[in-house]
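Structures for review follow.
What follows is chain A paired twice: with chain B in the first complex and chain C in the second.
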Partner chain A sequence: MLELIKKYINREKAPEMLRWPVIYTLGQAMVRSNLLRFPYRATALMVEYGLEETKKVYNRRLPFVWTSAFFPTELLHALGIPIFSPEVAAALAASFGFQEHFLKEAESRWWGRDNCSFHRCAIGGLFSRYYPLPSAFCASSHLCEGAVLMFSSLARVYNRPFLLLDVPVEQDDDSLSYVTGQLWQIISSLEEITGISFQHEKLQEAVANAEGTRRVLQKINELRLHPYSPFTAKEAFNFLYLNFTGLGSRAMLRVYETLAKELEERIRENNTFKKPPRFKLLWLHLPPFYRNNILEYLEEKGARVVFEEFNHVYWGAMDASRPLESIAGRMLSHFSYGHISRRIEIIKELAAKYDVDGVIHFSHWGCRQSCGSLRIIRDSLQKEGLPFLVLDGDCVDNRNYAPGQVQTRIDGFLEMLG
Partner chain B sequence: MEQTICGEAFWQRLEEAEKEFQQKKDRIAWFCSYTPVEIIASCGLHPYRFSGKEGTSFYADSFLHSSLCFFVRGCLERVLKEEEKSLEGVVLVNSCLAMSHFYYALQKYSPRSFSYLLDLPRNDSQPAREFWAQGLRKFHRALSEYRGVESTEGALWEQIYLYRENRRRLQGVYLGREDKVAVDGHEFIRLVEAFTILPPADFQEFFHTYYHDFLHKKKDLTGPRIFLTGSAMPAPLAKLIHGLGGVLVLDDLCIGRRILQFTAEPEAGEDPYSFLARQYLKREPCARMNFAGENLDKLEAMLKKYHIDGIIFFYLKFCDPWYYYGQLLKEKIKDIPVLILEGEYSSETGTGQMRTRISAFLEMIR
Partner chain C sequence: MLVAGIDIGSLSTEVVILEKGKILAEIIISTGANSKVAAEKAMQMALEKSGLARDKLQYIIATGYGRVSAPFAHEKVTEITCHGRGAFYLDASVRTVIDIGGQDSKVIRLNSRGKVVDFVMNEKCAAGTGRFLEVMAHALEIDLPEMSRLAPLAKKGVTISSMCTVFAESEVISLIAEGCPREEIVKGIIASVVERTVSMANRVGLDGTVMMTGGVAKNAAVVKALQENLGLKIKVPQEPQVVGALGAALLAEEGLGKRGG
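== the complex of A and B ==
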């Protein structure tokens, strides 16, 4: 059914439908009535939640904000402000096949092709008015510099406030109090912009939700260690929507609790669809979101991605009685931020934990963050005897995607593995 | 067309002095104009601004990803080369992702006895200033310890005043350019370069000579009046604009005027770190700062006061901060023509095409 819908809406004027709240209501009805089928109940719950959130945004009755991928969404869930994530929207656009529409829109206005296509897509989406114009743009500076620059540019063009969370690279007490202070500042700016008053208990609730989510995510990651774990990387990548928008919400906690239960059940029933792979792999950075068969091809060749660095739970326990410090701590502890050795250590840790035979880095063009120090990563993994494959590509823009080339590289890599 | 006020001999002497200085030990290379050179100097070391090797393909390319800007790749190339072995240390700022990755690559592939990454905030709020002041304090402590010296706040104040004096002098040459202009701005950019390389006392001597000639120079330049702004750029670009008939009236570059804005007095009871933090953060911002776009609303009015005929904006390919800034500039400036140049850190490969585009632009606004 989903494929049918994708096929139908993959037409010239299809992006326009994005703006109709009724589309989302329709989608919700289809999910509820099982017209749209998903591999997990948790997936259906997540889709329903996503549709509800997007509908709120396109209804334009409530003030809402754009958030960048790593912005602390706990603040927004505490205030009850709907979130629109342009990066997630770009991934979705790519999965439905109309990213080119937005990319070309951006490129026709002199936006070149050297920056990240998640952002180019967002620029095109906003300029062509398919993406909704928010009451404020909220970005955090850690990891993704492009988002900060794009959000602040758009905020100036459209004359909307830009709220920046400036996250230092050092993880120490000075940084912690600097970030905590800014979180307070952002809350009061959001109150002013949206007219919603802040309630401390709601923030505590959001942080308690985030902590609950952290624990259940850890549990899911443990379950994925099981040789009969049916949870594939493809499914795991679908859930990333929540990681970028849902932390702090009750809904995200519920989705992951459901997922954990389902995984447990399936493992208990030994209801595995797949035989154990010949090679286990760790995936670094994101995958392409447009139609592609990389993961399937790997599977075909006996290799399976058993974990993705983006699903690693990098932050420690969050304390609802000290909500902002907890959020600040989470921001500062991202393994992919700060010295490259932090990311390398986590890669090694995950590789050992999931007992992988090799590591694949999907090098998304324009992502300075993930690609900048690839050589250092390669050298460090080589020292550990961990085979490493770099797949150059683009997560959103499929115009240079050459399946044949990718397959040749994969073939070479797997041959080397054994 | 080319007109220099001091003659080639002066510039040659300057270049020789810089070359000689580059042989010195105890040099600490810095790359970003937010680097607190005063702290380096107060520890008895020579802060030395490092510019990248010009070019488009490097041996260093295998160490830094090809989607990082040519400036950082060119810098790594130079550091990796034998001739830079004498560098004692490097100080970087997390100005942008490219710089951070450059720092990791340096540590890994060209370790020095001292290397440091400064954590520069993106805001100019009071908490940001306090955070930056604290960062400067830590940096001073780390460098003093490394050097085995007890560098006091007194020693730091001394350097602050010394550098500020030179900044003030250089700022002076930029004054009074609203109407007639007797000296093309590329000369000032060259002087600023010397200021970032030579020890303050040596620079003062050169400046003194220059200023003497400058005072007696009266001939006004004619041609389209240009404002030059953008990212790090190959040094010959400013001179090229002049060579093609433009008059560089004003620049907004971190290799030019922007680095000079440190002329305030300390407040009563202010310690040197808070003073430096305030000075560095309140100057006209680089594109990576959160408030970089604010000035754009006022820029056009300011440029009109200077009777600017055209804006030349240059950014290095793969530089996100300046790329986004350029988009905004185009959006905000309505009445003054803007030429946007995307380029490499290279005077040779880029120049042919640059030359044509700049000539056409100057022709258009003439």
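== the complex of A and C ==
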């Protein structure tokens, strides 16, 4: 089936076909009728939601925006503006093996291989008309500077508005009012660009959804403490789609509520792993999204990733009566932003909570904010007696992936733990 | 108790046969294009040398990048653990092992019991490895021992700035064309390898006796330059190339001992 789809990737008609609503409706029908199998009902719900959102962004009559990975999606869900996340689209392209075409397209247009592959893939997708051209490009400045530069460039190339949320490093009252003020401005700009009127109640509803989601995520993370927790890292990484696009939506809350219930059920019914792993591991940063067997190989060797840094609920309670301040507070409290001690404390906290035997950091070529501090993280973990493995690689571009070398590093690391 | 360790590297394959901690045979051959054939051939040669039949070997551990190419092995262990084990056996004061092999290089830190506690490996490409030296020697139309002999004759050495092996080779060819003395080029090539190794050593941290293993340890000029750069003495065993295979054989013996074999 995938090979058949791949055949179309170079065909002239393929970008146009993505704009056919029937494709998404058909996909949704297949999900609903169980023609497509998913490990959880929640996964099926997420796919159905994803298809609905994708149908909207490919509908030429509706306004929609591109958002960078850490942009506050609550605003867009409040306004009812569909979201296209180029980083998620790049990960998806990689998981289906379509990324090479997009990467080459970007590289042939002067976006060289030194640029982040998430962004190169997104650019290639847009240039080759597979990815839809938005009404505006919305980026936040924290964590990923590459997205800011890419979005502003594309906005210039396609003559579309570029909205930047500048998030300062300091976590104080001044920063909070600074970010809150910008959020108001962004809402106003989006109203102007899309013609959609802002309603305060909708924003309150979005923040209430985000708060509900936060609590359910915390519950899921608690359930994952179970020694035989059935929820694998691979599944957890799949749900990241929602973390980057869905916060503030009713759909994300519903998916995670369903997931929490399913996990509870499975644990109650002993539908879990039958034995604890030999080694429990914490995964830092993202995984590669193209076909690879890293997580399966670890499992095969008796090591299991029991938690991922990216699923940590880092932000505090959100108050629907102070919606923008709550969103600003969430932006400012990201564990990976600001002084490195913040991230290290969280890593140590997670390592202790999940009682891990070792920590793996997958260093994506383009994420400088993540791999720039490896030495400090390593030293801090070693002080705690926690072995640390760095896997240098690329989340999207499999041309930077050498399976044999990765396997030797993993084997060496596990032998060290044993 | 008869055991064997086989280290199938990208350039060479080594076998060590042990009997109660005593080396009965050690073999080094070139891996060539087919690592499976090389593994079989090296094992056969080691058996012939020791006068043993294959079925006398109670346990075999394979290591090296080609460890999956030895179907006769009972277990596969990485070269990280094997070089660490082999080096510690040769000298129990060793806490740091620098292994520069054919296509990868690594620095391994051991604790006082000889257990690996940390390691780093070369990233992304094979710059600074045995293959790099081999390609450069080829460009200079000399062999590796000649490289080792020429290096001390150099005055300052030239700078080889390309990290990519192919570009570095072009750089060397240009230098030859410009009439740069070969010893100066050799010194530059060695400095390039050493620079990468030093940065890895600093990443993992140096401790206790430092031992160098792997084929490149036979290159006295590399060892000397490394010593000068790191500011310490590096111990090189009599046959550094078999340390991985030796470590594999020792692990085989220990494993067998634990299992009561």
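Here, the second predicted complex is superposed on the first by the 395 of 418 C-alpha atoms of A that agree within 3 Å, B and C clash if a C-alpha of one lies under 4 Å from a C-alpha of the other, contacts with A are read in each partner's own complex, and residues count from 1 in each chain.
Throughout what follows, contacts are C-beta pairs under 8 Å (C-beta built on N, C-alpha and C of every residue); 3 or more make two chains touch, one makes a residue touch a chain.
Computed from a predicted structure; not experimentally measured.
> Return fit or clash for chain B versus chain C, each positioned on chain A through the superposition.
By the criteria stated at the top, chain C and chain B fit after superposition, with no clash.
> After lining up the shared chain so the two structures overlap, which partner does A:S117 touch, if you call chain B first and chain C second: first, second, both or neither?
So A:S117 meets neither chain B nor chain C here.
> Based on the superposed arrangement, let me know which partner A:G412 touches: chain B (first), chain C (second), both, or neither?
The answer is second: A:G412 touches chain C but not chain B.
> Examine A:Q382 and indicate which partner it touches, taking first as chain B and second as chain C; both and neither are also allowed.
second
> Tell me which touches more residues of chain A here: chain C or chain B.
After superposing on chain A, more of chain A is contacted by B.
> State whether A:N209 touches chain B only (first), chain C only (second), both chains, or neither.
Neither partner.
> Once both structures are aligned on chain A, how many angstrom separate the closest C-alpha atoms of chain B and chain C?
It is 6 Å, taken between the nearest C-alpha atoms.
> For chain A, which residues lie in the overlap of the chain B contacts and the chain C contacts?
After superposing on chain A, chain A residues 375 contact both chain B and chain C.
> With touch defined as at the start, can you tell me which chain A residues reach chain C in the complex?
375, 382, 387, 392, 400, 402, 404-405, 408-409, 411-412, 415-416
> Would you tell me which residues of chain A are touching chain B in their complex?
110-112, 114-115, 141, 145-146, 148-150, 152-153, 156-157, 162, 164, 166, 168-170, 174-175, 178, 181-182, 185, 339-341, 363, 365-369, 371-376, 379
> Taking the touch rule as given, give the residues of chain B at its contact with chain A in the complex, in rising order.
Residues in contact with chain A: 62-65, 67-68, 94, 96-98, 100-101, 104-105, 108, 117, 119, 121-123, 125, 127-128, 130-131, 134-135, 287-288, 290, 292-293, 296, 317-318, 320-321, 323-324, 327-328, 330-332, 342.
> What does chain C use to touch chain A in their complex?
Residues of chain C touching chain A: 65, 76-81, 104, 115-119, 121, 123-124, 203.
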